[in-house]
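Here it is: the structure, laid out below.
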């Protein structure tokens, strides 16, 4: 699986590698398992990569210096469950007689397994467990005469949600899936060089001017001759991943023209209308719940307060000798501000509920700190279906809302009341100003209505849902 | 110098070392240069220590396991300018024929230099450059017959701001200076064991119940016979460091009965009264300016907004190849939310101004993001005098407000207006409910009126101020 | 290039991984750039690998524990010139829908480039720069129905010197090239499990009993059903790499029945006959020259002495501030024993001369220590031609003996006399008891007569030799 | 305890730090627990130190660069049993108002405990557990007016075996104990700068010319005015530690005019005379037994052979899962050359026997490799008494020869015969050309006759010997 990653590439700037390094730091929230940069050095493409944060992988100036040249491609990878293997850390670098190709990917292919099986039938070998290698096999097996032709061939064979970026000696290439599930933007540096990356926040930090969102089915080519955009397919239909707006992207990014923070504030306001609460203070769960909390407070008139504090430091705790200490160590990340919440009816705002374990702990924190009651308001609809386009929600089994009614969840979480934003409320809040279905948003995790066929996952999902003894409509209506 | 540190000790709990480890994580904001723990193992006191964050120093479970026993003392040390040396990382551990003594310190002694000179005259040897070794020399040279007697002797010889904690095979000892400049609290664990630490937030995290603030001139003794408190001197006068409330302590800590966050909210409210501003939105500088911003917004009625975003990840940047990239790398820590501030009159709230360099950068960030105007409001009075009691403000030279009038600062910082909280406003906001001068607060950094003689620093300060060609009153009135 | 490596595999022992770890330590002399082990865990094949010595790559017990299971395959890789890349560290691990395959290689393929070009034409992708990936592509593209059938297909397509080992969930496979250039042996553990590795010394250390040398063109298969040996080709001709005997293999290894140390002693004795010297003492260059020195001393009657001392510790030196210190830092590795060599006529024995730089430094060391004269005797013929079968001698340009006559070399090295072993003397000393040409040895580096076509290297070698303005016979006769 | 260490100091060379770094590498055999260098930088004395080999402690060029200046003092520390603490790693660095002092020590003080007790009575504090801090306390408490006067005072109060080196801003000082137990030499660099270090081998490597051995009771002073030597006491009596010749010093060092390797060859020759053996080959235990083996072979006429091979690489093994593997892992360090020893009567030469465990393993190795018989000859007398002057033999309990007769040892070790060098033979072999008792050697470990009073150790030794139910003469005669 290649999910929730960040990509950042530069072409045509003498400081391409250092800019990419800054850019990856900016995209660090999109992936913390590993990072890598491929630089176009005078001696060809060179790679440095490893497990951990960007600051851990690039621990020495020499790590960057060895990569320096006028182009670079970087990647941060999300921590996935199961055994992490180095071979999955991207960009992958392929070495051919006629030059090397670096490849970075954010997303998930729905037909990766069947493509892989078919490729293996024809002698393909694989060193990673990621989808990304599949694209390179398809590209190199294409009968097309040019690299771009081969790439277009390959792109037309993969399904799902993806944002690919490729670097060769001759150019930087990037493409979005036909639904534009995953964000990808193009910017220009003061030097005239180009940047292609996952979020506009990274453009801002490196000082690049925003040029455009990469459109569904679009292929961007940057060479020394400049930047061109073309459609590799016209069978497109905008369906931006709504989770990017809800919690994943940075608040200072704009996706298809809509600022993430403002979308969240709007969700909070709408939530206040849809799910009012009799509270004394509004408290957001830091950090992704804060924007919606501001909106909720503004709309409801209930004062916004800082009732929870998130530690600025990463604590490294080991297996605690007692259960009591195990519970304590959770509080290193988040603590309740007793002086604020004691004796208060707290309207607690979070962006979403996945398994519910964190929410339960936070509610307990607030109650331990003296909160009279906790009214939990979630600034998104109940998450009931898996995502197959690149967000790490893979099974209905683990989704609280797929298994319990709202009333049951309220009890499980120990709150006095519980309310979710409606799907319509979500769509209105993001407001992509389009006539596309669902206003151009993918809301499949809430509705079970996927904008594309699910290919390799279809049978599996059907079986999972069957275990819930509910049909899609029933689960969605829970 | 031993400044802005955190101490955390446990006596009488089988998990003393693991509790201390959690506690140090909670106090990490008080010092990031180094950390250490001394544990009372079956084989005597053992120490693990090093440079870096708690999570870096204690990187392996084995680092803790080797220290385990029923008592422990830990310390986090602030990053001071100049060459960091391992010998300064605390707790120091002294090894004697009749047992070992661990010593941890938060604060600064005003007569350390003269004590040191006098001790050296009498054959004392020093391995660190910190004040802390001085106390151990005094203790061991005392003619008193008991350890506690020697400790009381030593405490009566040192001046300044200090919170000392000592661990022996027989007990845990802690003492505050006669003015109570530095915070120190006692708590009790569910096991019956005792905790002594710098802030109540650490008590909360480890599940200890608050018992008391250590009072000025008080010595706490914890042995297997229980906890006792006594005055080692009665010449005391409460003067809690106001900077603890303004920016240094955690918002979820209480110092002498006053919650830090609420004090900051109160400062923000008072600031709104004293220094109103014609703005569209109130934006706090994360994280220490956020509490005051909430107060300012509530009092002024101007909406609180999230106009600045602080990165959750530590970026490791190297020397950038160009000036442009050097400026960019600042933005990794903090970025402006263009969608929020664009076209707005921003009331920017920060806790204090030291050198002014950070404030200038933030103002520039906001202007670059389209802010129509920036009205900077500081939730504390202008910092004009050094601190000699343990806050790292050592020279008037580096203090912007000691060298420029408010009008000049406004211009330097590039803001449309600039306003500070008054000293009276600060005192009223903290409101320690005492009849002590300055309401029991030390506000010497604002007024130049120090609550104690300055000993070794007196001449130096006089000379510094003379260079400003102003007398104390004139500087304070700037 | 995949050169001068060591492989070690185990099948059918519960401690396979720990045994492989010991085995790799024993083969450390065959490669220090990197190491890796693939273990057959209950969850499938798992790999741990990295740059550095075995002790650096496997720094924690957990590194081994994660791999444990009843079979394992390990590899140590030689430090090659140029950019070291992690993708080249072996065993490579390929992940297929129907199971994973680990692959380790010692040797060099002469037709790797043309195979690679042809594979790329047909869509193959490459992540490493090593020959090894080629074999896996050939294997997976074979139309054969079984894994073994595919492997045999692949083995019949690669040329050169190679010892391959492969591990799957079902078995451990190993094969030697048709000339048996590279050593590979099979042994059996007390548990009944099998070991396949590069040298018998590794069998001894892990307590395995020697079963057989893998023969030219032979494929060994070990499964739960036991061990079988078969010829994958019958076009074979024994030509063991003579450099294994001369300097590369451990003295306590036996290759095709001949002990390496004893072969070196025999070379030393024959050298004494062929190239007598009027010396007072015989001094061997530690460590690979010591065996021949013992033989030379025994045959000549000149006393064997310890005139050079090799440091037991690896020194890490940085760029020295002066030329004098740069020269000094060489002496950290090797120093002359002045008390032994002062005033003496030294017969210095080394195993071979490649570039001559080390020999020159050693001669200087001896002269500085007071040696009256140095008579250099080399226990192998002059190295004049590159090796294409897995020894890291790639260019005639760098070979002293390819560019200078013996007389010229004597002057360059600053010795009073210089003598080499004859090719015939080398063959007689190793004495493989066979009727194969050159007594079953490959002596191409001395004669330029390669036992196989050179494929991709033929043109290049021809051009190199043409630059020497000599034909093969002339160079060989220099 | 401060034992078996190495010191290396430079004064008056612009590359003092880099030279010291090379020097410490050369002295690495004298201590592997930790290392450190203090450099006299423009900003005063600066220190870098840590656990591990020199190459591990100085892992980055920056570690040296930060210390650079015209003088330096370095130290390598032996791995002692029990908890290693960082505070013991030397040189210690003391920081005083009037300048810093670095202190490095090789040796052991017999009156350290009583001095420490008396100093503690007078208020002295200790951070290490080593003897070294004692000297600094004595120095600083001396009433003398000059640093050198204070040092002489201090030196006259410490007893035992010691080589101290001190570095201040003004000079480099070094002194030997009144018996010259521990080696210390002075040399001069081409630059005119001076080196003081533990062994002449280090002088050779850095290119310094030998000037003199530091004499018993002598103090060397090096300042910008040049080098002077003076006696700080005249109550001296040469008693060089014989273990330096037997196994500890490098073979290429000269101690008081006698080359170590040649002394060992002489011991081997004498051993052949005193303890002849009916063997086919002579095999030395690498590396410290090789010199004596060469001597034994030359004198006996039995051929010298390489029957044991020592690995050049440090293996890092973990706890093995089985006993069989635990035994195997020993063989990573040393292996027997079966082709050499099989069927042979082996005369095995080692330098000494301490606990006997290693000897037993080696004998087993040889037998497993087919040796018909093993005749063990030890090139030193039986070790029966502890050393209190700096060699790590602290208890008679652990000494095989203190607890068993030669006949009993023969059986325990499983050898066909066992013979030791006589004390007279040892003295004759070293042959210091002096009329001092025992020819100027300390042979107390063999005879129990210590050249000085044992101070703090006297009672303890008496008790230990009493447990053996033997008097000194009886034990010595075992």
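Letters A, B, C and D mark the chains as written, and numbering starts fresh at 1 in each.
The working rule: a contact is a pair of C-beta atoms (placed from the backbone, for glycine too) under 8 Å apart; a residue touches a chain by one contact, two chains touch by 3 or more.
Values in this document were obtained by computation on a predicted structure and should not be read as measured data.
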item: Interchain contact steps from subunit B to subunit C (minimum; 1 if touching); value: 2
item: Chain whose mean Cα position lies farthest from subunit D; value: A
item: Length of the line joining the C-alpha centres of subunit B and subunit D, rounded to whole Å; value: 49
item: CA centroid of subunit C to CA centroid of subunit D, Å; value: 38
item: Every chain pair meeting the contact rule; value: A-B, A-C, B-D, C-D
item: Interface residues, subunit D side, partner subunit B - complex; value: 43, 46-47, 83, 85-87, 92-98, 113, 116-117, 120, 122-129, 133, 136-137, 140-141
item: Interface residues, subunit D side, partner subunit C - complex; value: 14-15, 18-19, 21-22, 25-26, 28-29, 53-55, 58-59, 61, 64, 190, 201, 204-207, 250-252, 254, 259, 261-262, 287, 290-291, 294, 297-298, 303-306, 309, 311-322, 324-325, 328-329, 331-332, 335-340
